[in-house]
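What follows is a pair of complexes built around chain A, which joins chain B in one and chain C in the other.
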Partner chain A sequence: MSGSLAFVFGLPLAVVVFFFALAAYERRTGVAVGGGFFQRNGLAIGLYLVLAVGFWAFFIILLPQLAMVDMSFRPKLPPSQMGGPKDLYTLENYRYFLFGSTTSTAEWNWLHIKAFFLTIGVSIVITLINFAICYPLAFHMAQSATAARLRVLLLLLILPYWVNEILRAFAFRVLLSSGGIINQMLMGSGLTNEPIDFLGADVGLYMGLSYAYLLMMIFPLYNAIESLDKNQVEAARDLGAPWWHIHAFIVLPHAKPGIASGCTLVFMLTAGALAAPLVLGGPRTLWFTPIVYDRFYQAFNWPQGAAYAFILLVSCIIFVLVVLKAFRLSLGEITR
Partner chain B sequence: MAAAVELEGVNVTFGDFVAVKEANLTIEPGEFFSFLGPSGCGKTTLLRTISGFIEPTRGQVRIGGADMKGIGPNKRPTALIFQNLALFPMMTVAENIGYGLRVRGVPRHERDEKVKNLLIQVALAEHGHKKVSELSGGQKQRVAIARALAVEPSVLLLDEPLSALDLKLRQHMRSELRAIQKRVGITFIYITHDQGEALTMSDRIAVMNAGVIEQVGDGRAVYAEPRTPFVAAFVGENNQIRGRITARDGAMATLETPLGTLAGRNPVALDVGQEALLFVRPEVMQLRANGTTAGFEGETLDVAYEGSVTHVTLRVRTGQKVIASLGASALAALPTPGETLRIGFRPEDALLLARPERH
Partner chain C sequence: MNPGPFQRVMFALYTVIFFLYLLGPLAVMAVSAFNTPQYPQVWPIEGVTLDWFAALFADQDMMTGLKMSLWIGLLVVCISVPIGLAGAIIMTQIQPRVRSLYYLVVVSPVLTPGIIIGISTVVFWRQFTGQTGTRFLYDGVVLTVLGQASFISAYCMLIILARLQRFDRSQEEAALDLGASYPQVFRHILLPFLKPALASAAVLAFLSSFENYNTTTFAILSDKTLTTVLAGRVRQGSTPAISALAVVIVAVTVIGAIAYEIYKRRSDAAAAARQRAALDAEEAELAGRTPAAAMG
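And then the complex of A and B:
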């Protein structure tokens, strides 16, 4: 145990110290001059950057995903038979998602398919709601707020995210439950006699999901709108444009890359969210991520869980790419 | 016919800062009118007040006789050309020019027709389909003008639109702007800190300083007959000599200065004993024979030979620098730095104005 700890923390530290020393040496001997990548950064730092980024990309990002993809095409086997003669590539996990059976294709697995499309559909709606909430705010912050106001707004936006997601989700649950403050107020004011089942109607789920990734929408939007020359807005106004026309034909086209990047982030994160659906989902609502979670931890079927997760990932990526294409945006543009 | 633009007691304040103070002005239809002043003098604020982006704190703006209070920039018969032009980069040249018509709901064919005519007018007929970024500086300038003219404003407001261009193009655009204004016949209100631009293009000029309109008049009036020391010093080169009035004689007055007793015209009727500034343009300075008592002496610091004139910078007895622009015929040989020259001027070429208290 202490050996692995020493490895996990010691190795990177040793690498950093080694390259730091090498960099210091190179700087003193004056090797680090010139125009190319290695000339500019010195051999040590250059090598370190290439290796570190390469290591990061391969071991942290690529390899785990590849392992999951690989696993999703394998049957569920006890550990003793893994790698044995029965461990052959198969589509049975994907078949299970569609037909509810690893062998038969007689009946559709409506429960899971519905959950899947519900997740995608609701994620789209949540993304749109997020955009509707964030756009006016981002526009105000970027174009008309004073520096002092901007600071306050940013603080107000960021501070609530110090509260962790689980606590936030349960707080929503408390707030919206049949004996919660909102129902008490509604009944106290005589607007309703019976408590309203907000959680059963998934109001809590949508609130929680919308709230969870608000920042992912607001900052790309803010960045994009902030780079718009104020004179363009004024010029359009001076030429007689009403406010909605300015937004539709001047601000939105300019902010398109920011909108795309914000929407992509929110959509991906919402579709893959776990805490909010687990805590806030109504009893009749089956969200897709809890199903994936159950494959892993209830059914103890890791290959099936991997297949389900992979289905969600690929569907989301394809959806995003199609939408980007429809809005004539390249992946490169949304990173601007 | 109602005046194009009237300002009546217009004040604009931002918190404690007074950007425009008591502006009263009438600009006639078809006039090319310039506001000239250093940066921060309030001229851009005044322009934005006329275009409707700023409401005056006090006073009234009338355009075509109608009070503009509460009327936004999108409802005013003005069009503004921004300093950085603010063309829409995601639209083509033709879409830029047609934008104002599009928001007014002008039908497509009518719009296209009009845009085509405007493109011809500003000599960009071949460039309608291009992106704005493919154009040169001068072409962008003309797109901005066409875009503003498309909405047929009765007043065109221009906020230093030439300042981003290089010298050659700037001079070319001056005559082009003037020609466009004559052709379309609407009022142009032009903001600049460049007196050359103001003098060459304008029918009338308002010289502004620290939020106050100091003087309004045609180019000759503000250059030759300034009414305040600021105008005298800001418009063109001018030498200032401080002194106290000792005698008045009709339109002239004599004053006692550290450089001796000098005289000049007294248009603002300064009284004996008053502190005054005597303004003498470099080009009215003349060489005096050495050893005489006329004029005053100075040590030559710098000689700039320009062919037809030579600008000589002198340091006079008070340590102050005085510039004399001497014609080719006045100089037998170029003075050398360090040489002492005696210079003077005819009193009728010099101008007396009251010395501001804060000096």
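And then the complex of A and C:
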């Protein structure tokens, strides 16, 4: 156990030493000019910068992630046996995700595998739908709306997002419940005689998820399209380009970073959403995050929960990399 | 830009449907907060009541959670804004060959699902506090603040960085040439320049913290914030008191937004007036000097 403490303090120290060595090397070889870090910032401020960023990068970001990954490869043990002879690295938690408990007769752990692929698949579909819903409005706001109108539109867009995620999901429950207004309207108009069970069929969940992160799509799109010179669109129009040519060959290529950033955000938030599945999901709903949650607080199997969380994290990283590759962008371009 | 009448109608229709989708659910929920039935109901309106608001404010758990959320929000602002500022300054000074790696590390929390941040924070600090004998730090509030600070600091950094990139380094050099010390340059030149960005970072940090659920629900341990109490209530069943909470939040927001808009218009007007006065003074000076120059 003292080994891991040495790591916790050793890693940040090693990195800081590396940075100063690199700086000294660059100054000696003439790559960098000017004074050193502490000369440039003064001692007090220099210390503040190093400590604040060091604490953030290591103790808030990196070490917790590493601790989670480390735990996911360990067996579930009572606290007294942690660090003991039984505390060996194992793939048991990942095996469980694929094949289920060793006592079960089923060949694969279908429940969890299905939930995982459903979550990823539905998240991708929701991301695409949100893009389709948001694009026309983002284009209008960025290219043809007047300043006064833009102000109103922005206010209307932001308003729902001050209400937190759980309440937004709750609104959909009120709307779609069997005695809710949608069912009342459907029955009143004679379209159905029985209330439709939107929530049981997960329609409510998917709508709530799409709704929850609409803003994360529209703002990156708006920002990207806004920087496009209006004259380019005008010129294409004057030269007789049909409207879909203008979008496909001028606006979309220009807005690429915004599209990638909106898609990554929406996908990540949807796949990692916990509030909407808890509020809108039925007892038979398959969604991956509540399963992860239950590993911790129902099964009390933390290593297994950590393994499940790591699986989710890896799929999100893969998604981001695929999007970056497909759009030929760097990470810096999409997090602007 | 001359879309035909058909396109115009289609676009108007689309806009109406879009905003109906965006605002409709909230409007429906708001109506149910004033209707008398026990279950949130929109139609028929059986009677108008404010009882659900009374029930909301009488809910002790909810009020304790609210206080906790406000407290955590403040702590997160106090931690994330200084970290974000330091992160942004380091970004402009770090060696170019490691800059993209640094960027990857500090921006990664923005692209990490919230529950993973919550889980990893709890796992790490449980081990760390156990090993260093600082068990008192293994506490819901501390962990929640740390977990939220991971990605909220990144938001703050991105906001501050956007403004920092427009900072004119020659201002700093001029101050140094005139004999200012480094802390003086930082306090009297850099911070005032970054003030608007720091203010918006603080507001955004507070709001993101206040409404966070995914990270908080893991990191809060046995304590409760407004969002975790709310999640529990919603899971137990639907009551119009929950709708009432949404109405209160929207009302506070709209009032805040209007107040901000008025404040901004006033300060814009004041700035415009100052500029005009300065221009007038300059013109007057020029006008006064020209004849003098002609005479000379």
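The rule we apply is simple: the second predicted complex is superposed on the first by the 279 of 336 C-alpha atoms of A that agree within 3 Å, B and C clash if a C-alpha of one lies under 4 Å from a C-alpha of the other, contacts with A are read in each partner's own complex, and residues count from 1 in each chain.
As a convention for this text, a contact is a pair of C-beta atoms (placed from the backbone, for glycine too) under 8 Å apart; a residue touches a chain by one contact, two chains touch by 3 or more.
Keep in mind that this is a model prediction, so the values were computed, not measured.
The superposed arrangement places chain B and chain C next to each other on chain A without a clash. Legend: residue contacts after superposition of the two complexes on their common chain; A:245 is shown touching chain B, with no touch to chain C. Ranking chain B and chain C by residues of chain A touched puts C first. With both structures placed on the common chain, the touch criterion links A:254 to chain B but leaves chain C unconnected. Applying the stated contact rule after C-alpha superposition, one finds that A:48 touches chain C and leaves chain B untouched.
In the superposition on chain A, A:234 makes contact with both chain B and chain C. No C-alpha atom of chain B lies closer than 6 Å to one of chain C in the superposed arrangement. Chain A residues 234, 237 lie at the interface with chain B in one structure and with chain C in the other.
Chain C meets chain A in the complex at residues 1, 11, 14-15, 18-19, 21-26, 28-29, 32, 39-43, 82-83, 85-87, 89-90, 93-95, 97-98, 100, 102-117, 119-121, 123-125, 127-128, 131-132, 146, 149-150, 153, 158, 162, 181-183, 186, 207, 210-211, 213-214, 217-218, 227, 230-231, 234-235, 238, 242-243, 245-246, 249-250, 253-254, 257. Chain contact summary for the complex, chain B toward chain A: residues 51-53, 72-75, 78-80, 82-84, 86-88, 90, 99-100, 103-104, 147-148, 151.
The part of chain A that touches chain B in the complex is made up of residues 229, 231-232, 234-242, 245, 249-250, 253-254.
Put simply, chain A touches chain C in their complex at residues 1-2, 4-5, 8, 19, 22-23, 26, 32, 37, 40-42, 44-45, 48-49, 52-53, 55-57, 59-68, 71, 133, 136-137, 140, 143-144, 155-160, 162-175, 177, 179-181, 184, 211, 214, 233-234, 237, 264-265, 268-269, 271-275, 278-279, 289, 292-293, 296, 302, 305-306, 309-310, 312-313, 316, 320, 330-332, 335-336.
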